[in-house]
Each structure stands twice: as structure tokens, then as C-alpha cells.
Amino acid sequence: MSYNTFGREFRFTTWGESHGPALGVTVDGVPPRVELDETYIQQFLDRRRPGTSKHTTQRKEPDQVRILSGVFEGRTTGTPIQLMIENTDQRSKDYGDIATSFRPGHADIAYHLKYGIRDYRGGGRSSARETAARVAAGGVAQAVLRHLLPDLKITGYMVQMGEMRLNRDRFDPAAIPGNPFFLPDATAAEAWSDYLDGIRKSQNSVGAAVELLIEGCPPGLGAPVYAKLDTDLAAAMMSINAVKGVEIGEGMAAASLTGTANADEIRMGNHGPRFQSNHAGGILGGISTGQDIVLRFSVKPTSSITTPRKTINRMGEEIDLITKGRHDPCVGIRAVPVAEAMAACVLLDHLLMDRAQTGGVRGEIG
Amino acid sequence: MSYNTFGREFRFTTWGESHGPALGVTVDGVPPRVELDETYIQQFLDRRRPGTSKHTTQRKEPDQVRILSGVFEGRTTGTPIQLMIENTDQRSKDYGDIATSFRPGHADIAYHLKYGIRDYRGGGRSSARETAARVAAGGVAQAVLRHLLPDLKITGYMVQMGEMRLNRDRFDPAAIPGNPFFLPDATAAEAWSDYLDGIRKSQNSVGAAVELLIEGCPPGLGAPVYAKLDTDLAAAMMSINAVKGVEIGEGMAAASLTGTANADEIRMGNHGPRFQSNHAGGILGGISTGQDIVLRFSVKPTSSITTPRKTINRMGEEIDLITKGRHDPCVGIRAVPVAEAMAACVLLDHLLMDRAQTGGVRGEIG
Amino acid sequence: MSYNTFGREFRFTTWGESHGPALGVTVDGVPPRVELDETYIQQFLDRRRPGTSKHTTQRKEPDQVRILSGVFEGRTTGTPIQLMIENTDQRSKDYGDIATSFRPGHADIAYHLKYGIRDYRGGGRSSARETAARVAAGGVAQAVLRHLLPDLKITGYMVQMGEMRLNRDRFDPAAIPGNPFFLPDATAAEAWSDYLDGIRKSQNSVGAAVELLIEGCPPGLGAPVYAKLDTDLAAAMMSINAVKGVEIGEGMAAASLTGTANADEIRMGNHGPRFQSNHAGGILGGISTGQDIVLRFSVKPTSSITTPRKTINRMGEEIDLITKGRHDPCVGIRAVPVAEAMAACVLLDHLLMDRAQTGGVRGEIG
Amino acid sequence: MSYNTFGREFRFTTWGESHGPALGVTVDGVPPRVELDETYIQQFLDRRRPGTSKHTTQRKEPDQVRILSGVFEGRTTGTPIQLMIENTDQRSKDYGDIATSFRPGHADIAYHLKYGIRDYRGGGRSSARETAARVAAGGVAQAVLRHLLPDLKITGYMVQMGEMRLNRDRFDPAAIPGNPFFLPDATAAEAWSDYLDGIRKSQNSVGAAVELLIEGCPPGLGAPVYAKLDTDLAAAMMSINAVKGVEIGEGMAAASLTGTANADEIRMGNHGPRFQSNHAGGILGGISTGQDIVLRFSVKPTSSITTPRKTINRMGEEIDLITKGRHDPCVGIRAVPVAEAMAACVLLDHLLMDRAQTGGVRGEIG
């Protein structure tokens, strides 16, 4: 497996650095005859595009995607799809002073130690800019899922940003598009906005927690033992920049539960099994059960802050560093569309994997 | 990639069902000329063996491992190593009544829906018995790591079991082997024992949280972007039966932190960079920094309990089910050696991956 | 991808050495609910079993296969299938004198140089004994293909053995099982027998050429560009011990043809396209067309001969070596069932690959 | 594994259609700190560029390569390298009349049957134009091999073109660059030129055979059993458009040999083993021995000829088709640099694979 490639049947390989001429993704294993064009993919890129609100980096990137291969007369041909996004607003001079310094919390020192060379401009390959390519790949996945799993719905939203937490009693998915935080609570958006303004003005940044709700996933997706659906979803989230923890269903809280409390009891519904609760988060033994899939992940605070931090440089000198440049005060916000894209890729991948092994035939109940 | 295979360079494929004649693992990509025998691997299997204390299942399995290939005159030859463990104490009759019923919280219903057939005896392939094969593979990994990374030390221990939590002020690794809970606090072991007795006697089970501390890991391990070291460690843990959450460093708590608090500042030590804190858990940008690697994961309570639970059977009838058989009241306990084994496999895998790409040459500082 | 693993969707990993306690294969990706038992697989093993005629090695191996996992109540469960064959008739003492000598034409010297250690007994891992595991895997593939491609028929036969060549005017597939050469010409079998007797008595061995005819393969199998059906079939054959050349359709003779002669013209038949010739061997652009697939491969003469040959030993001394032990005077004979097994695995693998990407939907003509 | 990806450690994924806006290749697993620029890669592309002599297609493509990622300040960074070649001289109108017709000998009908849709312009994905991307990837491989295996030399040349065959007594590698046929015999080039003129003028095409000579390959490359060096080299050649046969060493002729004739006897030289002959083609048991590696492959005649051929169209109508467009009368010529590129990729891939498993340590003799 290629280390810059994600997936088994539906495979994408991202390429490109933050301040190179372009970045993109090669998507392979796409089913043929699926309607696809640049406009469709663009809508997903626009959701994570930088510079759309005061709460995200002010770097202005149109993130215009171009389809270079694999689509003919508006439909996929089954050959590899190359999606390219040209970089236009590089302000590399911002990064001149980190050419030889290691920003605390950044991958700078790790890349230097591993490769002995790095494109330091904007973090190069380690920049969250790479996630634009993931979102483009996710757009292709969504185009295919529209046909193969029309009832599937993947919804990401923030549940925490530093001291601010979602009040689940006011959970309202309809509110998500209406605020810059992908927050499912219209009434709380302003308070979150004020809070983040304060963080930014105090030259600081803050962490976040994001939740994904996957509705309409059929049972039977997931390939035990080493390609369990929850394992692959967790890996997909953990591979996103700055993610430090992943939870399925009860997550870490499962450590506090007893077996009687944790058991999701089962009754019969009109359309098959009806679970009485969902501590499992929709997955048992690594295989989807037909329940909603629920997962959460945490995103650490942006490491690039203008408050000086102690660090060293390549010469081994101890210095204090202020990270200039244009940065998100909370990278967790833009992680939402990235997580949705990764989830779409994982689910399509598993759908194709299952199609290969079982042909999609399901065991019957009743 | 094979769905029952784990790893890229150091690859193992587990096989076998809980109540079949045998289970085992095929290990490929092992460096040649490494000393290895059955006794060495057996010591790791003995740590997770069932029936060793009243706190684990009473199923008596010697878990005697046999090397069938890949080792000649006490050393590895570089060819695939087949490790076989024969099942001896199957009491399959215990499972007759779940042939057509689905145990709540178990993979029964998911396997049935996906495959339309399952070896129901003891959970078949979905049984945690599969982890014996992982531990055997981990033994091979440890044998290789002894030579390639002599300073590496992987230590797993429980930090929570239901209401019981490790008091970190009393953290004492030396205490771990001295109690049945892999608990690094000798003084607390008795209380944990009483607590778990109570759980078991009340026909219940309980969840747990396990922490892994990896010391002596060199910098430079991890392959961005889709084979990050933290991604692979998280996937390895999440693939273990009943695991519901994984954390690297601060984990989910990172959502509450600010950038100033989260930054691991860097100074120069005698032997290279010296970090002032370890919120990152030893990994930046998916690559190890040379700091200790710290991760945690939660294990849900054993689903097999003798308290009746509502469920359905294959005919779609609603029933109440008591899960007989011999079960761990807290599967989290035996997850400790399994997690250590998985971590050993991931680290060796990444060491070999890095050897392929960079030849192990490191960037210099100072 | 594992280096001892073959295939993508239908994957098998072989393990074991010629004179170890056992050898076998782990088969993964098998569709569930397929009827399978040891008797079914055994019939394929019996066709390549040693000691069945004076023309093959006199080593007596029952090659009794045991299913250790993945099959429950006579049907596959979709979990990995472990097939084990125990070695019973090792006469390792025959090999004592090659512990430190390198047999000319054998892998001895290459394994020594690469690994610095080798199980020299009977060639260890490099022995053609490994092909027993391939045939077992092929038996699983055939069991699945019976259901998914009932019209598929894979027939292997010898077309050359040293000076003896098949007279294509007398091609009669019905004759193949009736002689020890898998020769489709009953009248020629005796002459081939006398010829090989002469070779053996003169302490010599001889090469061979084998042809595979695959009838009833549907169009659309093959995944351009780097998993073309012909590429994978060629790789499968080339991976068999002692194979030195592979041809698809016209093979090497294509170098002599002109475009007008080589074009397989197309007319319409009752059931779709009807090709007027088959220079292509049933594959265009790496994808099956529905025509018969025809391929050939050559097998070099057995390197183990009792005529002394010049060689060296580990100490770098020049010696003359007579290879004792029990050897096939023409390894090409037993390559026939091995090639059939490999072809079955490739075809099933591609059928599952195609099922994943296209769902098996085909473009229409007319 | 991705079906448009080649390799394990050194992996490249090609993308693009013959008449799309661009084509290219994503190269992953490249060691860091290797000098690389567009000029270096361009020299390899120029060797296969169309329109360079009257003997190749008159399509004029500069095949100018652009490096979009993975290289910083003239050296590789260890991140994925994206190489893009823009198409400039598409004359798609030439292909209007094959939008619904299937050219005999072409992949048209196979792609239609498999995918139900195809970019028919110039053959789309099935066009040999894809090999430009392979040559670009080969350039990256060569840049790395210069450092890791400085003595390695890969030389490709034609040994047959229809009725014309290389006279091995006049084999002169120095002559190869001096004629449009990569022919190692200056005296014969004119006769080959006249012969091919005649073929072209008679609206025909012709097949060819190409040989690769790999000198300076160290022993120990090759990973038994399913990633043998000869298997991978054969697969690499067979994956090239129009290749119908591959031979290692004696190739198909091995079927005629006896064991005494075929044995490559071994003596001691000043620098290790000295083989007395090379029937094996430099590879034993799938592992290089240090001898020259010799392989050959055949290329079928160009299917695109202006002589009318019988075929059908999508409506199932029987028609006669003349293939217009600009085509090579002998595609075998331009297969030479493509084969060299593929061999470079395979050898680097295996070098990195070996580095991972054995660390490059070799067994000693003497």
C-alpha cells in the first residue's frame, strides 16, 4: 500500500505542498458511468475553503478544482481521475524565518529528523492544505454514493470548541449551514463567535471536538479483522492534521459502563431489527448493523500562534519563536468538511469491498 | 491489502475460529538471522492466557504455540513464519442455544447480516480468542526489535476499570507484573479485585481503559500522510475486540486546550532536542519525535453476561437471552498484552518502512 | 502487499519449507456460503502428488490436506481458510552434503547471498514443494468459480518435452487424463514415455512447454493498466518454479507478424461478437474479450541431476557436485496442475475485482 | 493495491487519456535528498517522444514534463512527486468515426464491454500514450539508482522487427543511439529502415522483439515467492501495450534443453562466484545472482493500419474499418525506452524492498 494513498477499492493518492504550484489527488477504482463534473466537486471544496469568515485563515484561495482525466462527456469512465487545484495566494515570505527554525507543535522538527530536508514554506507537505485534496476525493465518493446508497447521509458538526460545548437538548441539524462553526444550534453561534474572537485577539488558538452522524448506512459494511469499519473510520479521522483522539459510540466513556448498561437490546421493527439504544455507535464486530453510525474526534489547538514560544533551530540554538503567517484560530472548524469527505471515502470503499466478497447479498432475519 | 492481514513490511495474517481445531498467524516480511524459538513467543502468550486468575474466563487453554515454518536451527530465515495454536478446551455445547439467537452487544447479528452464515460456537471468528494469534505475532516482532531497537520498551497497564481509576501519583511500573490487573499501583490492586468480584457476582461486567507507554522510540518513524505512526497505532488498537476509543497524548482533552497551553516547547539537551512537555504524545505530523509515545484506549464491558437481555433470533422472534459460557468480567484486562503486541508490530513495521525509504539516515541538528 | 501473498481480492499466502513439519496456505477474501470440504480440494492435490508414476519424484507424500478454519458445516464463512499439509516422507539426510554447497541451477546460492541463512533440506522454501499449497488454494478458487462462472473451463496440457512436441492435428483433450504427461494425444504418450525414460537413465533431465486453454471466460475481466488480465496470468505462471518464458496468444511469434495478418477481424454471432481468429489469445488491452484465453509457458529442465557439475561451496572452494535425492526428470509435468490452479486464482481474483468496480454490469452491443 | 499503480516501495500511479488535457504520474516512496529536476527526466521522455523520425507516429508532442510536487530546491523531499505532461497536438477529429466502431486488435471492444463507456479519442486510456508517464517515473527511478546502484546499467535494444533479425555476431551497444531502431548494429540500420518503409507504404505494420540487458545488478534482489525479480520484470514488460510474450534467460527455448546443458556451472572469481554460462538470465529462485540479467519480449504489430479490416460497431452492425490517425508502423521501436523505464522502476522497488527486510546485508562466500 502506498503511504500517500488511502483506501483499498476506492483509492486516492494525494500530492502537493502548501506553497507549491499545485496540489491534487489521483482517484482510482471509481465505478464507471457515474455523472461527475467540476461544479459538483467544487461545492464540497467551497465548504472548507479558507478566507470565508473571520474565523478562518485569511489566505485567499479559490481552490478551483480541475478534472484532468477519468471523466468523459460528464461521466466517469472507470479510469483514474486526476483532480488538480492550483495554489494562487502563496505568501511564502511569511515563512522565511522558519526555514531553519522548528515551530513548537508543528511537524517541522519531525520532518527534518526523518527526511533531512523539507519544504518549509507553509509547512509544505505537513500543512492542512493537503486536506483540500481529500475533500476533492470525497466529492468523487459522494457522487458515486448518490447512486449506490441514495439513503446515506453524512453530517459533521462541532460539539466543542475550548470552553464552549454543544447543548444536545438544542441539537438542530438544520442550523449547521447557517453559521461558520457547523454548529447544530443557531442560538449558540453568536456566543461561540465572541469566544473565538477573544481567543484570536489574545494571540491564542483553541482546540475542538467534531462529531459525525452517518444515517442510512446499510448493515454488512466492514471487513473483519483488520479492516473493520470502525477501525478504518478511526484511522481516517486520526490521519487528519491535528486530530488527537477518536471515539466510536460511547468512546472513552465505555470504560465506565457495566455490561447491563452497555448492552444495546434488540426488538423487531417493521423493517428488521430495531435496537433500543446505540452505545455501540452502529458497528458491532467491525461491521455496520444498520443503526446510525456515530463517531467523534478531537482537534488540538492550532500550533501557529503569535505568542512567542521557546524552541530550537537547525543549528541547535535555543530561540523564542512567533509564528507569523495567516492561520485558523481553531483548525477544528474546517476539519468538519474534511471529516465528512473521509467518511464518504471509507463508506464507499467498504461498499465496494463488500460487493467484491459477498456480492452484497445479505443474511435474512424472519 | 488482505482484510485479515495487518501491516505493510512486517505483515501478519491471523486465521482461525474460537472453537475450531486451531488458530494461528502467518507472519511475513521478517528479517533473516534473528534468534527465535517457541519458548520466546510462549512467554507473551502466557501473559494473556485465559484461566490464570479468577478475574478472567475459566476456559483452560494452554495456548501452546508451534512454529511450523520460517525458522531454521533457531534463527529466522526470512521466509514466512507459521505459528499454530491448537484449541483444546472447547465447550461448544455452551453455545448451542445461540446458534440462532443474536447476543446483544456481540457481532452475531452483524456477521449474520453480512455473511448469511457464521460459526456461532464461542463467537467464531469474532471471538477475542483471535487475539492469541496477534500476541504470537507480537512475539516475533519483539524478537526482531530486541536487535534493531534495543532501547525500545513497550509497557501497557490499566488506568481505569469502571469506577476504579489509577492514582497517577502512585504510578509504579514495577508493580504491573505483581497483580492480575496489570495495574501500576500495588496498593490499589486489592480494591480493584474486590470491585471486580462484586461486578462478577452481580452477573455483570465492566469496561476499562488501558494506557501504553512506549519509551526509547527513535525519531523519524511514521509515514505521512496515510500511514502516520499515530494513525497506525490508533487503527491497531481500534481493531482489538471491544475497543471504542483511542487517544494519542492529550487525546479528547485537546479539545479544551489553548495553543499556548498545548505547545510542547523545545530546548536543547545533551543528546538532541529536549521537549518541555508532551501534550503531543511523542508524535508530530504522524512522525515520532524521540519523546515517549503515550496512548490510551477504552474497552467496553464484556457483552456476555448472565443477566437476561432482550434480543431477537434468526426467525425474527423477540426473546430474552442469558449468555452462558465462560467469560471475562472485564475483557480490558487481557487487552493489555494484546495492545503491547500490536504496538510492537506497528513499530517494527514502521522501522522497516523507514529503512526502505530513508535507509534510516536522520537529519542533523546542531 | 505481502511477498508470499498472491492476489488482490482473492488472496492466498503460502508458507512452509520442503522438509519442515508442514506447509500450507492461508486463503483470504473467499465469498461466504460456498460448499467446500477437504475431499473437494484433495482431488486437485492428487493430480500433482509426487510418486504417482515413474516419471515423477519417488518421494511418497500423501499430501493430505486439512481445513483448519473458515469452513463451517460444509460451507465457507467468509473468514480466512487455513489449509495445512503435513510432510511425512522427508529424507533430509539426502541433503546433508548440500548444507554448504550450492547446486548449479538451484536457488541455493541466491538464497544464501540474500538471507545469509537457508533451510537447505530439499531446497527449503525454494522447493517446488511450495506448489502443493498453490494447488490447495486453487481448489478453493475452483469451488467458488463453479458457482460464479459455471461455464468456465481451465485445461492445461504439455505441448513440448525436450525433443518431443505435440502434433496439433491430433489434439484431443479427452486424452489428457489418460497418460502421465497431461498430453492431449493418446497415440504419442508411449513415445514420450520412452523418451523420458532415456533421459532419466542417462542421469539427465529435460525442459518442457505447457499450454493453458481457458474456455467460457466472460468478457470484461482485467483491470488496466497495471493489473491487466494477461499481465497477472503471466506473472502467475512466471512465479512457478523453473518457468522461464510466458506467451499470450501468438506470444513471441508476434514479432514476425504484420498488422494485416495479426488483426483478429470481428463479425456478429448469435450471442455477440464472433472473432475470425485469435492471435490475441482472448485478451485486448488487458481485458478479456470472451474469446478463449490461450497461454503457454516454458519450464527449464530439473536442475537436480546425478551427472556431476562444477560448482562452489560456502567456503568458496571449487567442487564437483552430484545432486542426490528423489527428483522429477521433467518438472514440467507436475507444473500442469499448478498452472491450472494459478489460473483459477487469477480469474476468480479478477472476477471479484470487477464485481467491486463495475458490479459486473456489461456494455451492450446491438 | 491500486490497479493503476505499479510497485510496492517505489510506487507510481499513472493517469490520463491520449486526448485529454494532460497525463502524468504520481510517484510515491521516493527516497529523500536525491538530486532531481525536469531536465533530467526530460532526457528520458525525449527518447520515446513521437514524431522524431519517419518511423514513428507523426503526432508532434513536445512531451514537456513539469514537476508539481515532491521536489524542493533541486532535491527530492520524500513526499509524492507529481509529474504532468500536457497534451498539445490532439487531432481528435481523426477519431470521430471510431466513436462507435471497434478497431480490430484494439482495446476498444474490451473497454466497451467492461465499462460501457470509453474515451474513444486516440484510444483514450488504452493508448500507448500512457507509456510517457511510465518513462517519466522511470526517470525518477534512474535518478535514485544513480546514487544507490552506481554500477547498474540498463540497456534496451531491438533484436527483431518482422523478417529482420539482429546478427548477434555484430552486437555493438555503441551503435544503439545512432539509429532510430535502438539497433546494436550500425551496418544493419539502413536495411531495417528500408524494410519498415516498405511495410508502411504497403499500409501495413509489423511486430518486433526487444531485449533488455541489465549489467551491474547486485545479488540478492527479488522477494520469493510472489514477488520474484523475474516475475516482477515479466509483469512489468507484459503490462506494456501490445506485448505478447516475455522471456528470462533461455526463455521458451528452455523447453528444448537438458539439465546438463542448462546448468550454469560455478567457479570462484576474484570478486565472488563466477558463472560459466547464463542460461538462467541472472536470476535463480526469483533472486538476482549478480550475473547480467537478460530478458526479451515481443511486441505485436500496430493494430492501427490503413488497410480495411472487418469489424462491428456498437449497434452490432458488420462494417469494414480503415484506421486513420497517425500511427507507428512498428510500436516495438518506442517500446525500448519504455521497457528500460519499467526495468529501472522494478529494480529500485526491489532494492528498497530488500533494504526493508534484510537491511542490504549479504551472505558471505569464502
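In this document, chain identifiers A, B, C and D correspond to the written order of the chains, with residue numbering beginning at 1 in each.
By definition in this document, a contact is a pair of C-beta atoms (placed from the backbone, for glycine too) under 8 Å apart; a residue touches a chain by one contact, two chains touch by 3 or more.
For reference, the UniProt names are A, B, C, D = Chorismate synthase.
For clarity, every value in this text was computed on a predicted model and none was experimentally measured.
K.L.:
Averaging each chain's C-alpha atoms to get its centre, pick out the one most distant from chain B (Chorismate synthase).
P.N.:
D
K.L.:
Counting C-beta pairs in contact, which chain pair has more, C-D or A-C?
P.N.:
Higher contact count goes to C-D.
K.L.:
Please report how many Å separate the Cα centroid of chain A (Chorismate synthase) from that of chain D (Chorismate synthase), as a whole number.
P.N.:
39
K.L.:
Would you mind pulling out the distance in Å between where the CA atoms of chain A (Chorismate synthase) average out and where those of chain C (Chorismate synthase) do?
P.N.:
The answer is 45 Å.
K.L.:
At what distance in angstrom does the C-alpha mean of chain D (Chorismate synthase) lie from that of chain C (Chorismate synthase)?
P.N.:
26
K.L.:
Taking each residue of chain A (Chorismate synthase) in turn, which ones touch at least two of the other chains?
P.N.:
Within chain A (Chorismate synthase), residues 1-5, 14, 29, 32, 78-79, 114-117, 125, 224, 353, 358 contact more than one other chain.
K.L.:
State the interface residues of chain A (Chorismate synthase) toward chain C (Chorismate synthase) in the complex, per the touch definition above.
P.N.:
It is residues 1, 9, 29-32, 78-79, 224, 352-353, 355-359 of chain A (Chorismate synthase) that touch chain C (Chorismate synthase).
K.L.:
Would you pull the chain D (Chorismate synthase) residues touching chain A (Chorismate synthase) in the complex into a rising list?
P.N.:
So the residues of chain D (Chorismate synthase) touching chain A (Chorismate synthase) come out as 1-5, 11, 13-17, 20-24, 26, 28-29, 32-33, 66, 68-70, 72, 75-82, 84, 114-119, 124-125.
K.L.:
Looking at the complex, which residues from chain D (Chorismate synthase) come into contact with chain C (Chorismate synthase)?
P.N.:
1-6, 8, 14, 102, 104-107, 109-117, 125-126, 130, 160-163, 199, 204-209, 219-220, 222-228, 230-232, 234-235, 238-239, 241, 244-268, 273, 276, 279-281, 283-290, 296, 298-305, 307, 309-312, 314-318, 332, 353-354, 358, 361-366
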